[in-house]
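Next come two complexes built around subunit A: one with subunit B, the other with subunit C.
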Partner chain A sequence: MSDPRKIMRRYQNLMVGEALSNNHHYPVACNELSSILNLGYSQLPKNLKALIFRDTLSAFRLLPDMKTSAAVSAANLLLKSVEAVLPKQKKNLAIVEFKKTKVALKRRSKSHEEDIDLPSLPQDILIHIFSFLDVSSLLSSSQVSRSWNQATCEDSLWRLQYDIHFNHKALIRIQSGVSWREAFKNAYIGDNSSKDLRSGRGYCCYCDSVVWHENLRCPNKQCRLKSDNEPLELMSTRQVANFLLGTMSSSDDESDPDDEASRGLWAFTLY
Partner chain B sequence: MLESDMAIITPEMMKSYIWLETADGSIQQVEQEVAMFCPMICQEVVQKGAGSSKNNAISLPQRVNPAMLSLIFDYCRFHQVSGRSNKERKLYDEKFIRMDTKRLCELTSAADSLQLKPLVDLTSRALARIIEGKSPEEIREIFHLPDDLTEEEKLEPLKNTMDDPRIRLLNRLYAKKRKELKEREKLKAISMSQSIEVEDRVDERSVDDLLSFINGRDPKVVKTSKSKKKNKKRKEHKNGRSNGTCEASEKDSDNLHSKERNAKIVDESASSLGGVSNLGSMEDDILTPKAEFEDGYIDDEFDPVLKEMLDREVEDFARRLNSSWVLSLGQERQPVHFSINGNGTTRRLTGRAGLARSS
Partner chain C sequence: MSEKKIVLKSSDGKTIDVAKAVALQSQTITHMVEDSCVGNEIPFENVTGQVLAKVIEYCKKHVVVDGETLTCKTVAHVIHTRTIDEIRTFFNVENDYTPRKKQ
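Here is the complex of A and B:
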């Protein structure tokens, strides 16, 4: 018994469409659209179907601006969902849009000029830049080159990450000789929610909505103050889709890996 | 008259300018309030009174080039005006930051050297947004960075963050020196025992056993080293050159093998050296090695033709190897050479090198 207006509002609050223009959130937003399509497109009210369709088209249109392979595979996945779920007319429109995008992508990759060497950034600037990154980007950066790797070893960065992730646990074991990087690593491995970090989504009980978290906290300043700056409860993409459709089930986590695995297979069978 | 004079004096003329010089030598002047927005320039003006004239221009750090300087001053010019709202400033910033990655890096560098923290933050955040969510390969592509980490290093953090490549080199040099000291001690022990005739043979054999064991090439090398030793004792000065070579090469083959160097090169140069020496002393050797055959070493290659062929090949190879090996030795051993005077080993090495080259 899902009130169509309620669902519509929930979807708008999710801000999936807005997230598509963000480089970092684009793949996740595409996955969310895929999930929603797969799980319950047919049950949705008509206006919401149109909205989702519009967002799907804009996802395809925005793909060339995202210069990552993660974006490309997420878009491919979305296409697969489109082919499986959407009715004929809409499906064809979406496919046309996707093909246009592919052409634009190819054109872009060909006209890529070779720039002259960039000036190398000094270590302290690198460290400053890294202080704005999330954990996964930080770890990616550590694998880029020798100088970047050394910059990521800076312990203050890891203290920052520790505070972001584990502040609420208040297990401030200041052991001498243990670097913050090690402390973070141990706490991270022990923590079970590492999988959900990828989704970029969390549930804020103060504004009662699913948000794109900023450093694991609600973007809304009020909520941050109310919660005493504690991290949000993270949600996986599948949970987000279920939240929208009104079917909350915690057992979804078990079926998640299978779903993701099969989705992963699909991604490889595309054009 | 005064009034007309007053009319000519425009507000702009009342502004004071600060003179700045970039690393490439070009000098320009900027309005004072704009330039003073940068802490570094402000400091120079206040503390040292610089920038008041063309001759007294403030020299800017190397990372600031004229293009970046004008960008920075655009930024300063906008922000130092007090009447703007936060929203306006934010909007300006968002537009300002839209440039390619290369310029963004340059701008960050320049702003940092001028200590303009708000601009550094702005550009750093922009760069962080570029890095976010990308794989290492993609990041490398965008920033044109080399892929200079080994697979293990990628998974584990580099052990020593204070690691200077020079320190690493130094450690390697120390390790080498320690090894060489050990080898020299071994050599001394061997050469001491070799002076006694009886023990010689015992020692020879043990050394030769080692050689053959290491080489896996029993007959040739063992025989040649034995014959070399015989030559040394009986015909010390007959075949001057070849004997010298023999002497040197014999010592060297010991040196080589006991030094645990790159085994292959060592083996080949040892055998080749043995080969070279044999050219000269072949006739003399025919009888003497046969005496040694009691040990049971059967040498097939005593056929002169075959031997000559082999020796020729080996000699070429030796020459090639020697030159490159000696070169590398020269590079690595430089410190060792100079610090040890009158060391027989050292002298012999250079002697052999000279001989090898001349042959």
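Here is the complex of A and C:
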């Protein structure tokens, strides 16, 4: 049985509560809470149960500030976990909080949201904007409109992504005639761990924690230096929950990423 | 955001209203603002209206460069958290994209 203090520390290091205030991380943080609730709430030490309950309430309270459908879906999913897992009293408190939030949401949607009315942006500005995006956002952007699509074809964007994802391998001479976009696509499809990209999570062995990665690297500069700027091992939400609980995921989990990728990560599970 | 405007007057009598921040992109204008300043109007005795207009056009483009990274990062953040439809709605972009045959 895992040391309760260790689990507590691990949860605190995950910084789930803090991530809830971040538009960027909110849906994932909610999904992590859902997974933790689903996979092992009952096994947790009492003080950690209280902390997770507190973060769940935060998640509901903060929902109106997140103006995306992804946030609403994640919060609804969290509610389902709450209904399925929490004991009666806590469950009722959480449901009350969620209902309050729904009211606040309705109120907000009545006032028209601040939409930006941009004249069509020139290609070079679009390209500059896209240089800040991750792969999934780039692919989304490529489908927004013709001019956005054109901008995503800019090959230097894909060289950038290649460097981010495959770092040292970028030194390998790219076949002439093959664009960076092609090269990236081929390498990306062949790479198992890239499925976990959306979770925003990776394991850093230098600070021995699960972090919110920045461009696939540890936010801690020291770690980046020590690792020679190698990309982190990415983790899916389910893997993060299992990492916290110190358990293995069973092979019949529907949303589990490729088994081979998960196996590599069990080296990081500590007892 | 401060709405300070400056009026630039060309040699042939044309006037152009421009936001101060934009005008100050030009070193020349900055100096003149510092030196002269008859109220808000700055005379350019050697520059025609046409040339002045081009200069201002250039300046407008470069104001974006100053706040460029911050603005672009903000836009990138918005894109990152949203679905394709939400992106279109948010930026008021018309959907004229038709996917080609899949590669």
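Assume the second predicted complex is superposed on the first by the 238 of 271 C-alpha atoms of A that agree within 3 Å, B and C clash if a C-alpha of one lies under 4 Å from a C-alpha of the other, contacts with A are read in each partner's own complex, and residues count from 1 in each chain.
Here is the rule we go by: a residue touches a chain if its C-beta (ideal position, glycine included) is under 8 Å from a C-beta of that chain, and two chains touch if they have at least 3 such contacts.
The structure displayed is predicted, hence computed values, not measured ones.
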Subunit A as common anchor, with subunit B and subunit C clashing or fitting: clash
Contacts of A:21 with subunit B and subunit C, given as first, second, both or neither: neither
Dominant contact partner of subunit A by residue count, subunit C or subunit B: B
Contacts of A:69 with subunit B and subunit C, given as first, second, both or neither: both
First, second, both or neither for A:143, with subunit B first and subunit C second: both
First, second, both or neither for A:152, with subunit B first and subunit C second: first
Subunit B versus subunit C as contact partner of A:181, first or second or both or neither: first
Which of subunit B and subunit C A:128 touches, first, second, both or neither: both
Stretch in clash, subunit B with subunit C, out of 74-82, 128-136 or 164-172: 128-136
On subunit A, positions contacted by subunit B and by subunit C: 23-24, 68-70, 115-118, 125, 128-130, 132-134, 137, 140-141, 143-146, 148-149
Subunit A residues touching subunit B - in the complex, by the definition given at the top: 23-24, 26-27, 67-70, 115-119, 121-122, 124-125, 128-130, 132-134, 136-137, 140-150, 152-154, 181
Complex contact set, residues of subunit A against subunit C: 23-24, 66, 68-71, 115-118, 120, 125, 128-130, 132-134, 137, 140-141, 143-146, 148-149
Residues of subunit C touching subunit A in the complex: 64, 68, 72-73, 75-77, 79-84, 86-97, 99
Contact footprint of subunit A on subunit B as seen in their complex: 63, 101-102, 105-106, 108-109, 112, 120-121, 124-125, 127-136, 138-140, 142-149, 153-154, 157-158, 161, 163
